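Same chain, two partners: chain A is paired with chain B first, then with chain C.
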Partner chain A sequence: MSKPKFAMYWAASCGGCEIAVLNIHEKILDVDANFEVVFWPVAMDAKYKDVEAMEDGAILLTLFNGGIRNDENEHMAKLLRKKSQILVAFGSCACEGCIPGLANFSPIQQVVDTAFGTISTDNPNNVRPQTSYEMPEGAIHIPTLLPVLKTLDQVVDVDYYMPGCPPESHQIAAVIDLVIQVLQGKAQLPPKGSVIGAGGSTVCDECPRKRNVKTIKEFGRIQLTEADPELCLLEQGIPCNGPATRSGCGAKCPSAGAQCIGCYGPAEGVVDYGARLIAAFGSVIDADKPEDIERILDGLVDPAGQFYRFNLAGSLLRAAKPAWKSGD
Partner chain B sequence: MTDTPETQPFDKAQGESFEPVIIGFTCNWCSYRAADMAGTARMKYAPNVRLIRLMCSGRLDPTFVLKAFAGGADAVLISGCHPGDCHYINQNYKMLRRFHLLKRVLQQMGIEPERLKLLWASAAEGAIFAEEINKFVEQVRPLGPLNWKPGNGAHVEAPVHEEVPA
Partner chain C sequence: MEKKERIGVYVCHCGTNIAGVVNVGEVSTWAAENLKEQGVVISRDYKFMCSSLGQELIQKDIKEHGLTRVVVAACSPHLHEQTFRNACKGADLNPYLCELVSIREQSSWVHTDKVAATEKSKALIAGGVARVVHHEPLEPLRVPIHPATLVVGGGIAGIQAALEIANAGYPVYLVEREPSIGGHMAQFDKTFPTLDCSACILTPKMVEAGSHPNITLLTYSEVEKVDGYVGNFVVTVRKRARSVNEELCTGCGICWEKCPKKVVDNVFEAGMGTRKAIYVPFPQAVPKYPVIDRENCTYYIKGTCKACEKFCPTNAIDFAQEDQILNIEVGNIILATGYELFDARRITQYGYGRLANVFTSLEFERLSNAAGPTGGNIVLRDGKTTPKVVGIVHCVGSRDKNYNEYCSAICCMQSLKFAHLVHERTGAEVYNFYIDIRTPAKGYEEFYHRLLEEGTHFIRGKVAEITDAVRLPGEEGKLIVQVEDTLTGNQLRVPVDMVILSAGLEPRRDAKEVAKKFGISCSADGWLIERHPKLDPVATVTEGIYIAGCVQGPKDIPASVAQGAAAAARILGKIQQKEIALEPVRASINQEQCSGCRICNNLCPFNAILFHEDRMVSEVNPALCQGCGTCVAACPAGAISGTGFSNEQILSQIEGLLLLNIPKKETVA
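Let's look at the complex of A and B:
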C-alpha cells in the first residue's frame, strides 16, 4: 500500500518554520516512515506542475506556512487547497500575517521604495522590479505584489491552525504523533477549525513571574530597565503581550527575562489581539486625569506595532487605511 | 450597517448630503438614561447614531470599537457616567485609560481621531446628550465615509438576527 502524501509549502515567510520542522530531530524519520513527501520546495526538488498534475485531494496533509503577499502565493494556496485533504495554516504568518504582515501599515509603493530605495540598499540606478519583461527568448514574469498581505484563511478554507513564530518543535512533534496515530486508527482528528499544537490559555498562565495586581506610573523599555526577575513584567511597566497571547510556548521569553512579544497569536476567545492588549495595558495605568494618562502613554513608543507585531493581517481591521487604499 | 456607505458612494459634490453612520455605546445607568430622557422630552437630534447599551462603559471592550469600524461605521461614540459617578465605583476610569490608548492605535491605523468621541452624560443631561450628538455628526460629516475595506471588501460577517424579548 502506498504511503499517504505529505507536502509543505512556504509563501511569504522567513523559512524558520521549515527549520522548526527539521528541528524535531529523529522524529523526522517517523514522518518519512509514515508519509511520502511529494512537495516541499525547501527540502526537495519538485515543480509546481507536479502538484498541478495530481488528482484533487491526492495529498493527505499540507503544512502551509507564510502569508499571502503576491499572486504566486495566492495561486499556490488555492492549488494546495484543491490537492490536499487537510490544509494546516502552519506558523504565525499563515495564521495571522506575522512580521511580513507589518507591511500592512504602509502603502505598497512605500514598501517597495523601502526595499529598493533606502540607504541600506545598493541600488545606484534605482531599479525597480517589473512584473514582466521582454527578453529575446520571450516575456518573463515575476509575481505581482498584492496591496495588503493576507492570511491563508482570508484566501482559502483552512482545516487547522498551528500558531507560533515558529511553532515550538515539541508541539510539532506532538502534532505529527497525533496524525500518525490517526492514520493507525488509534486517535481522532480534532474538529475542523481547531488550533492545534498550542495551549488553550494565555502565556501569563504559564509564566512563572509573580503578579501582584499593581498599577504603573510609567512604561519603560526592557533594554533600559533593570527588571525584577521574579515579578510580572507588565506590572513593572515593561510592555509584555502575555495577557492576550496563546499559551503553548511554555512562557519561554518572560522566563528568560524578556517580554512576551506575542508570537503565538491570540489566546482562545480573543477576537482582536490588539484590542485585548489595549484593555490589558489600560488596566495597569495608574492615572485618572486625561493629561496624566497621556503622559504615561507617551512611554509606549509604537502602540500599534506593539499590539499587532504578529497579528496585523489577522486583526479585525487587517491593514491600516493608507495600505489598503494603495490597492484602489 | 455595511450597506449605507456602499450603496451611497461618497460624492464630493454631494458631500453635504453624506450621513455618517455612528455606533454609540452607552452605559445603563447614566448615558443611556440621558438618551432616554432626550427621547421622552422629545428633544430632536441627529438620527445618525445607533445606540448600544452596555451595563457600564467599563464593559466596553476595545474590540467593539474596532468591529464597528471594520463593519462599516463612520464613527464611534463612547459614553458613560461622569468621572466619580460610576455605578460600579470607578470602571469609567478604566474605560478612559483604554480610550486614550485606543485613540493612539486608531490613528496609527489611519482612522482620524475625530471619528472617536468620548462623552460623559448623567441621567439628567438629556439636552447635553442630544447637543453633543449633533456636534459629533457635524464633526464627522466633513471627513466623509470611512468605508473600511482592506483587501476584498468588508469581511465582518453579518450578525445572526436573534429575537430578544424586551
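Let's look at the complex of A and C:
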C-alpha cells in the first residue's frame, strides 16, 4: 500500500513556517515514515506541472503557508485546493495575512514605489519590475501583484487553521501526531473549520504574570520602561495584546519580558481582533477629560501595527480603501 | 436539516407618523416576496400595530400560521417592545422571539426623501428578520424583594418618600449626611407663593420621620458602598461618631450652651451665623442629639476643655466614640440627595465675596428667617443698617452659557418672594433684574402680579456688573448695578444698598461619584438621569434605584414632594409583589474562554462582575447584570456574550441591513 501524500507550499511568506516545521527535529522522520512527500519546494525539487498532473484529491494533507499576494500564489492555492483532501492554512500569513498583509494599508503602486524607489534601495535607473519581458530566447513572465493581499480562505475553501508566526514547533509536532493517529484509526479529525495546534482561550491563560483590576493612566513602550517582571504588562501601561490573542504559544513573549504582539491571532469567538483590542484598551483607560484621553492614546505610537500587525488582511476591514481602489 | 423558522412581519403605519413618509404597503409586500428565503411566511401592514386590534392580528397569525418568530416594524423598542412581547406571550410564543424594528425614529422621522426612506425601512426589516432567526426563547429571572427601603438624603423629598413607605407598614432607613434631617427647606423662612412658614410645615414631617416606628434614622452618616441588586441590596453605611451617646442624651441643650468654642456655621447658616463646636444645626433638629465637630472642638485640638462632659446631666458625651460601619439589607433605594447652590464667587463681576453687601439667596434666606442670626431683621453686612434700596439679580449662574445653560426653575419665584419680604419688612425700594419671568405653576403667576402691585421695580436685562466704583453723583457709598434695560434700550446704573444674587441650583459636587456608587448615570450637567423624562421620571435604568427631588434636576418644593411620594409609590408596588421579574438580557462569561485578564473587572456600572482568584476567571452575577453590554464590548477574548446580542445575531442583522443574500432586482435603485 502506498503511503498517503503530503505537500507543503509557501506563498507570500518569509519562510519561517518552513523552518518551524524542520524545527520539530526527529519528528520529521515520522512525517517521512508515514507520508510520501510529493511537493515541498523548499525541501525537494518538484515542478508545478507535476502537481497539475495529479488526480484531484490525490494529496491527503497540504500545509499551505503564506498569504495570497500575486496571481502565482492564487493559482497555487486553487491548484492545491483541488489536489488536496485536507488543506491547512498554516501560520499567520495564510490564516490572516500577517506582516505582508500590512501592505493593505496602501495602494499597490505605493507598495512597489516603496520597495524600489526609496532611499534604501540601490536603483539608480529607477527600474520597476515588469510582469513580462521580451528576451532573445522568448518572453519571460513574473507573477502580477494583486491589489490587496488575501488570506488563503479568502481565495479557496480551507479545512483547518493553524495560527502562529510561526506556529510553535511543539504544536506542529502535536498536529502531525494527531494526523498520524487518524491515519491509524486511533483518533478523529476535529470538525472542519477548526483552529488546530492552538488553545481555546487567550495568551493570558498561559501567562505567569500576576493580574489585578486594570486601569491604564499611560501607555509606554517596552524599551523605555523598566517593567515589573512579576506583574501583568498591560497593567504597567505596556500595550500587550495577550488578552485578545489565542493561546497556544505558551505565553513565550510575556514570560520573557516582552509584550505579546498577537501572532497567534484572534481568540476563539473574536470577529475582529483589532477592534476587540481597541475596545478593551479603551475600556480600561483611566481618564475623564478628553485631553487626558488624547494624551494617553498618544502613547500608542503605531495603532495600526499595534492592533492589526498580524491580521489586517483577515480583519473585517481587510484593507484600506485606496488599496482596494488601486485594483480598479 | 435545520428547522426553518416561520416569521411574520408586521409593518405599522403609526397613523401618518410612518406611513406619511414610508410606503408601508410596498415595504410589507417587499418583505413577503423577498424575505421568503429567510423564513418570512406572512407580512402585513396595519394602521396602529400597538392597538389591541393590531396585537390580535399578530396573535391570530401565530396560531393560524404557526409563526415561530415575529418582527414588528414600528416605533423604537423603548416604546412598544414590551407591548409586542406581551402580545406574543398571549399567543404562547416566547416573548423574546419578537424583534422590534424601528422604522419611525430611525426612518420616517429622520428622512424627507420618501423613496429612500422606504428603501431604508426594507433594509432595517431585512436586518430584523435576519436577526430574529437567531433569537432564543428566554425566561425572566425571578428574585425576591427585601421589604426594607433605603432613602439617601433627608431633605423634603427624602422625608416624604420615607414617610410614605413607613406609613404603608414597611421599614425604611433614612440616611442623612448632616447631623439633622430637613435639608435646604429647613433653612428657608417662607415658601412661595403662599408665604407659609417653611419650618411650620416642615418640622411636623421631620418629627414624624424621627419618631416613626418604621423609620430608622441614620443622620451624620454616609453610604460607602452598595452591593447586590434590586430586591437584595446590601448597603454599607458609615455612621460617623457624634461623640454623643444617643441612648443617654436627652437633647437638653446644656452642652452647646456651655461649649466655649464658637464656629462660623457655613452649612446651615450659610456663613451668616455661628454655632458651637458641639451643636445641633437648628433648634428643631431631628434627631435632637448634638454632634461634636471634632475639627473645631478644643478638646480634640488641645486635649483639654471637656466643658460639655462636665455639664452633661446624663453623662452622654463620649469623646472616644468611633465611626460605626453598618451593613443594611434593603430591596430598593431612593436617592434624594438634593442640590448645591451655585457658587456666586465664580461670576467675579457681581462682586460676591468682595463687596460686603452682595448676598446670595441662601444668605438672604437666613437673614430673613425669624430663627436666623438676625432674628429675621433684614440688615446689611454690618448687622444693623436697614437697606433703603435692594437689587435682586435673577438667573445667577443659570441660563448662562458660561456657567449653566439650564433654567434653575425656582429662582424667579424665590426672587419674587425675597422682593416681597424686603418690601414687607423694611419698606425698601426693590429692583428685580430679570431675563424672563417664569411663573408656570399653580398660584405663581398670581404671586407675580401681587408683586407688581406692591410696587416692586422690574428691569428686564442681564446685569453686567455690580460695583462700588462711583462715577455719578448720588452713587457714593452705594453698590451700583450696571444693566441694560432691554425693554427701553437704555443703559442703567442703579444705586442700591444691598444686592441679592438669586443663585441657581447645581448638582452636588460628588454627584458623579454617588451615581457611580449606585450604578446609575448623570447627565453632562451632573443631574442624575431618570429612566424616561416623561413616562418614568423617578425610576432609573438600574432596577431598584429611584431618584426624587433636586438630585434629578432643579425643582421647587411641591415637585420634590411629589417625586418623593412617586418614588415611594413605585417601590411599594414592587414590595407588594414580593418578587420581581428581571429582564433576561444578561451578559455571561464563557468560563473556558476567559483567561482572567481582568479587563472587564472594573467596567461594570452595576458591579456585577466578580473575579475568582482561585480559578482565575471572571463571572457575571446574572441578578446584578442589567444587560448594558459594556463588558461584552470590552472583552478582548470575546469570552463575554450578551443574551440577545450574540455575535451571530449582530452579524446577521448587519448582513440583513446590507441586503446580502437577498435578490437584488427589487432592492435599492
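Brief remarks follow.
Going forward, the second predicted complex is superposed on the first by the 328 of 328 C-alpha atoms of A that agree within 3 Å, B and C clash if a C-alpha of one lies under 4 Å from a C-alpha of the other, contacts with A are read in each partner's own complex, and residues count from 1 in each chain.
Here is the rule we go by: a contact is a pair of C-beta atoms (placed from the backbone, for glycine too) under 8 Å apart; a residue touches a chain by one contact, two chains touch by 3 or more.
Fair warning: this is a prediction, and the values are worked out from it, not measured in the lab.
If you put the two complexes together on chain A, you find that chain B and chain C bump into each other.
In the superposed model, A:295 makes contact with neither chain B nor chain C.
Of the two partner chains placed by superposition, A:192 touches none, neither chain B nor chain C.
After superposition on the shared chain, chain A has more residues touched by B, the comparison being chain B against chain C. Of the two partner chains placed by superposition, only chain B is touched by A:104; chain C is not. When the two structures are aligned on the shared chain, A:217 is found in touch with neither chain B nor chain C. Once chain A of one complex is fitted onto chain A of the other, the partner contacts of A:274 are limited to chain B, with no touch recorded for chain C. Residue contacts after overlaying the shared chain place A:304 against chain B, while chain C stays out of touching range.
By the touch criterion defined above, A:283 lies against chain B and chain C together after alignment on the C-alpha atoms of chain A.
Looking at the shared chain after the overlay, A:203 reaches chain C, while chain B stays out of its contact range. Taking the listed stretches 81-89, 99-107 or 135-143 of chain B in turn, the superposition on chain A shows a clash with chain C for 81-89 alone. Across the two superposed structures, the residue set of chain A contacted by chain B and also by chain C is 271, 276, 279, 282-283.
Within the complex formed with chain B, the chain A residues making contact are 104-105, 146-148, 150, 154, 271-272, 274-276, 278-279, 281-283, 285, 287-288, 290, 293-294, 297, 300, 302-305, 307, 315-325, 327. On chain C, the positions that touch chain A within their shared complex are 590, 592-603, 611, 616, 630, 633-639, 641, 647, 651.
Within the complex formed with chain A, the residues of chain B that make contact are 61-63, 65-67, 69-70, 83, 93-94, 96-98, 100-102, 104-105, 108-111, 148-151, 155-156. Interface of chain A with chain C (complex): residues 200-205, 207, 211-215, 232, 234, 242-244, 247, 266-271, 276-277, 279-280, 282-284.
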